[in-house]
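In the two complexes below, subunit A is the common chain; its partner is subunit B in one and subunit C in the other.
Then we have the complex of A and B:
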């Protein structure tokens, strides 16, 4: 018993506690913003947050909140509330939970702090446009829409000019709401810090190339919170430096994320927040470690377009070319690069009822991966927050069968 | 060595005994609400039918939705592996399996060695499964066993467009009210199942020869509709319903 406990203790990532403390402090700060004469902006997960940090505006993420709602299994209740308000159950479950939560201040933290402004960037989906318009009407506050055209094959000259023009408008919008000018030197610092944070996050994710991997994608889903919410702050850098050091220690000491890593898998799409434990246990029982995913790397996947010394100018391209705003061929290329980099034996795709832009091209991506890399692929139909779309015995059978195929193939090859 | 395979499906429980590449016996019973009891019962029945004692059986593999409730099994496999093993044993040249059971349907692609290459299962929805047919049989007041023969009399199948079992049932009821022939409606139901299965087949890729397994294989109307839709001949073995149990027994022999 005590041996089993210490075994579990050994695998526990120590930085987790620090992360919880940081997130708690962050939400307390955000919730007490009014008392401290600070402004709060709600912003989409892929939105350009750095100008907010530079203006001392506290960014708050309804999507991060949605993940918390999902993880604490409060999604169904809030989704049903939204449906009672008249929203279709085909609408994204983050949107449904956020829209209904704002009216009742429910969820795990009693609702988000009321926003002073909204910043909506459509590089992650089109739903956010209507979602943020709904909230702008509900709170009667200004909304800024940062429009990033879809990059089917390339980022055209016209798109470049169009997006860059909006950066000026965005800064002017923030200055208008706050009634003061942006400090350009501060903005430059924030840009550099943001870039540094993304680099560190990528380095953390890179440690998973090690066999056994010191972390799983489920860990990444958790530690992701800072690069999403506090990108551009020093504490993000400090935290990821600590986490990176811990991962390196684990590699040195041969500590893997799961007891026995025999098979390595890649995950696609958002997590199934309310089933993280179940899924991680299910895969671990098969000695399978989800070593990487396409989701958490989205917050450092466009670094090559950033010039850290000209952050504001170059962020236009970086924010336009994130994973969800590019064509399926390009996505498949990125998936295949990850399959090679992390040396995975199989590819698990979560077909997420909520997230259409993420799920739409999955059949094609699966076909391309099967053709190019000939590894088994598994499609799981579920939803990130709405548990009503999760069928345990169906998914359990699919995972078992998928693992049987992987084991069979590895045995055949050995 | 004698080995046993037990396949606990959502509607029926199946058992098979195999020895040295020979099937000694098979049995089908209803699963009912207690999967564990159904597993024990179908196993005892197949032993009794074959005049064997439990002690004569070397290894037991369970499969199907209730695979984990068969506590006396040595190992479990998913029905995907079991159906592949069964097909490979009975008809080694098969490259595509269509399995239509009580609550789910699958398309399984096999490689040149008869191993599972890929599979697709129905979404969280019972349309295109045995349960779907049961609901329709009740609405039409026709014995499900007559569905196949009746639908083959139809020249103009009715159109069933709903993807949901419940909505399809009300669609059927309105077709009855409109005075459409029963056999046309039944043929339409089979067409709608065939359409659903065909899109799953398209996802794994259709390679001949094709074989159908699971209880719904007994319905000649569904098989005919599928053959029409896919444009291929589909092999139906008399053992189609117990194919998973036979496959499980085969898998047990290599434990």
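Then we have the complex of A and C:
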């Protein structure tokens, strides 16, 4: 008994507490912004946050809030409230829960701080455009749309010109709302810090290459919060340096994320926030570790386009070419690169009815993966926040069957 | 042949018609899925634009590419492509609209290897100078891409001529809508539906002639007509309508559809391209000024205001929203538009359209109840 407990203790990531403290302080800061004469901007998860940090505006992420709502299992109630307001239950559950939450100040932290402005970047989906329109009407505040043309097969020179021009418009928008100029030197610093943070986050994720992996994708979903919400701050760098060191220690000491890692899996799409524990236990029981995922790497996947010394100019391309703003075939290529890099035995796809840009095309990605790498794939139908779309018994059976195939294959190969 | 009969034939058997047209003229057939497609550029390239609407067939093949939560348009279009039923097409254009169409384009490109494939990545916001310039840039790029793919040099003269043809078509359909709005009995709703559908498939030169002939005939008929105040005038709104049967149901219940806000209806003919020596800029200007689709942003209250204005101008008594299940852009707009309608005291009926529709009896009852109320 006590041994089992210390086993678990050993595997617990120590940085977790620090993370919770940082996030709590961040939300307190955001909630008391008014008293401190600071402005709050709501921004989409893939949006260019660095100019906000440089302008001392507190960025708040409704999607991160959505994740918290999902994880605290308050999603169904808020989604139902949105449905009562007339929003179809087929819409993204982040959007649904945020829209209703704004009107009732519900959810795990009593609602988000009221925004002074909205910044919507459509590089993740068209849903955010509609969602932010709804909120701009509700709060009656200015909305900036950062329009990043979709890169099906290329980032055209026409798109480049358009996105680059919008950077100037974006800065002018922020200066207008705040009534003061942006400090260009500060912006440069923030750009470098953001780049540094992304690099560190990638290094953290890279530690999962080790066998056994020191962390799982479930850990990554948790530790992701900072690179999303506080990208461009020194805090992020300090935190990820600590986390990276901890991961390296674990590798040195041979501590794996799960008790016995026999099989390694790759996860696709958003987490199923309200079933994280259940899913990680379920896979661990099969000695399977989800070592990597396509979601958390989206916040460092476009680094190759960034010039850290000319952040503002180069961010146009980086923000246009993130994982969700590219064609299905390029996504498949990135998935295959991850399969090779992390040496996984199987691929689990969460078909997420909330998120069409992430999910439509998954069947084709699956086919490409099966053809090119010949590894077993499992598609799970669910939703990231709305538990009504989750059938535990069905998914449990399917995971068992999938793991049987993987085990047989591995046996055959060994 | 009577023009209406010809429209009906095309709308009933579009593929037969298109195959014949291709055999006779040798024109390249280019499919498209959204009313923001600049048909002018395709026409100027000597190609023939064909709007795809979905399918009447059962979905089998598309199921292994699309999850159940994609709309029936996207599933239907893919089914037609995969089945080979539209194998006469030489290419496809996918303008950037909603997330589902965006992924449909990728899936199409990877699985249906014919002809040229063009992603027309239009701006999503329409109300800034840089978006306007980008719109023009993208249309110029499209002009080059189409030209290269079809091996033609698209001249400004050809483009001007195509603009003339499309303007004439749009103006005629508008005239027909306007006459019909005054005297709805001059043409049944189902016939109007048929005419507009056929317009998006027919040879545009011939179409332009047939439409202006129809306008002349309608004007003559209208001369002897008197407005019928007993008709309950209704506006339809939403993405599009794939179910012509609802028109007679509304009519039998004492209503008359006098206008719509559909992308296969009034949004198709809204606004003409203004003259000028830069045709691409002219086309861009039209797309920007046009009644906005919910997948694009032109301000926060453009659609609600537009529908309110339509109701007023058309002297309508109510609005029926036909929304496709799983259509995000429209579903996001609906509650707010609904609120504006409620505040203005305009009765609204919402019909969420799943394929197949609810039974005829059930629909009829809903229309009757609604029309009784307005």
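The rule is simple: the second predicted complex is superposed on the first by the 414 of 414 C-alpha atoms of A that agree within 3 Å, B and C clash if a C-alpha of one lies under 4 Å from a C-alpha of the other, contacts with A are read in each partner's own complex, and residues count from 1 in each chain.
Keep this in mind: contacts are C-beta pairs under 8 Å (C-beta built on N, C-alpha and C of every residue); 3 or more make two chains touch, one makes a residue touch a chain.
Just so we're clear, the structure is a prediction, and the values are computed from it rather than from any experiment.
With both complexes brought onto subunit A, simultaneous placement of subunit B and subunit C is permitted, the two fitting side by side without a clash. Of the two partner chains placed by superposition, only subunit C is touched by A:329; subunit B is not.
In the superposed model, A:363 makes contact with both subunit B and subunit C.
More subunit A residues lie in contact with C than with the other chain of the pair subunit B and subunit C. Legend: residue contacts after superposition of the two complexes on their common chain; A:142 is shown touching neither subunit B nor subunit C. Annotation: apex subunit A, arms to subunit B and subunit C, angle 70° (C-alpha centres, rounded to a multiple of 10). Shared-chain residue A:134: touches subunit C; no touch with subunit B. Shared-chain residue A:242: touches no atom of subunit B or subunit C.
After overlaying the two complexes on the shared chain, residue contacts for A:398 are found with subunit B alone; subunit C is out of touch. Here subunit B and subunit C sit at a least CA-CA distance of 5 Å once the structures share a frame through chain A.
Once both structures are placed on chain A, subunit A residues 363, 381 are touched by subunit B and, in the other complex, by subunit C. On the side of subunit B, the complex with subunit A involves touching residues 65, 76-81, 104, 115-121, 123-124, 203.
Chain contact summary for the complex, subunit A toward subunit B: residues 363, 370, 376-377, 379, 381, 389, 391, 393-394, 397-398, 400-401, 404-405, 408, 412. Across the complex, subunit A meets subunit C through its residues 85-88, 90-92, 95, 122, 125-127, 129-131, 133-134, 136-137, 143, 145, 147, 149-150, 152-153, 156, 158-159, 161-162, 165-166, 169, 327-329, 351, 353, 356-357, 359-364, 381.
Taken in their complex, subunit C has these residues touching subunit A: 64-67, 69-70, 74, 96-100, 102-107, 109-111, 119, 121, 123-125, 128, 130-131, 133-134, 137-138, 141, 294-295, 297, 300-301, 323, 325-326, 328-329, 331-336, 338, 352.
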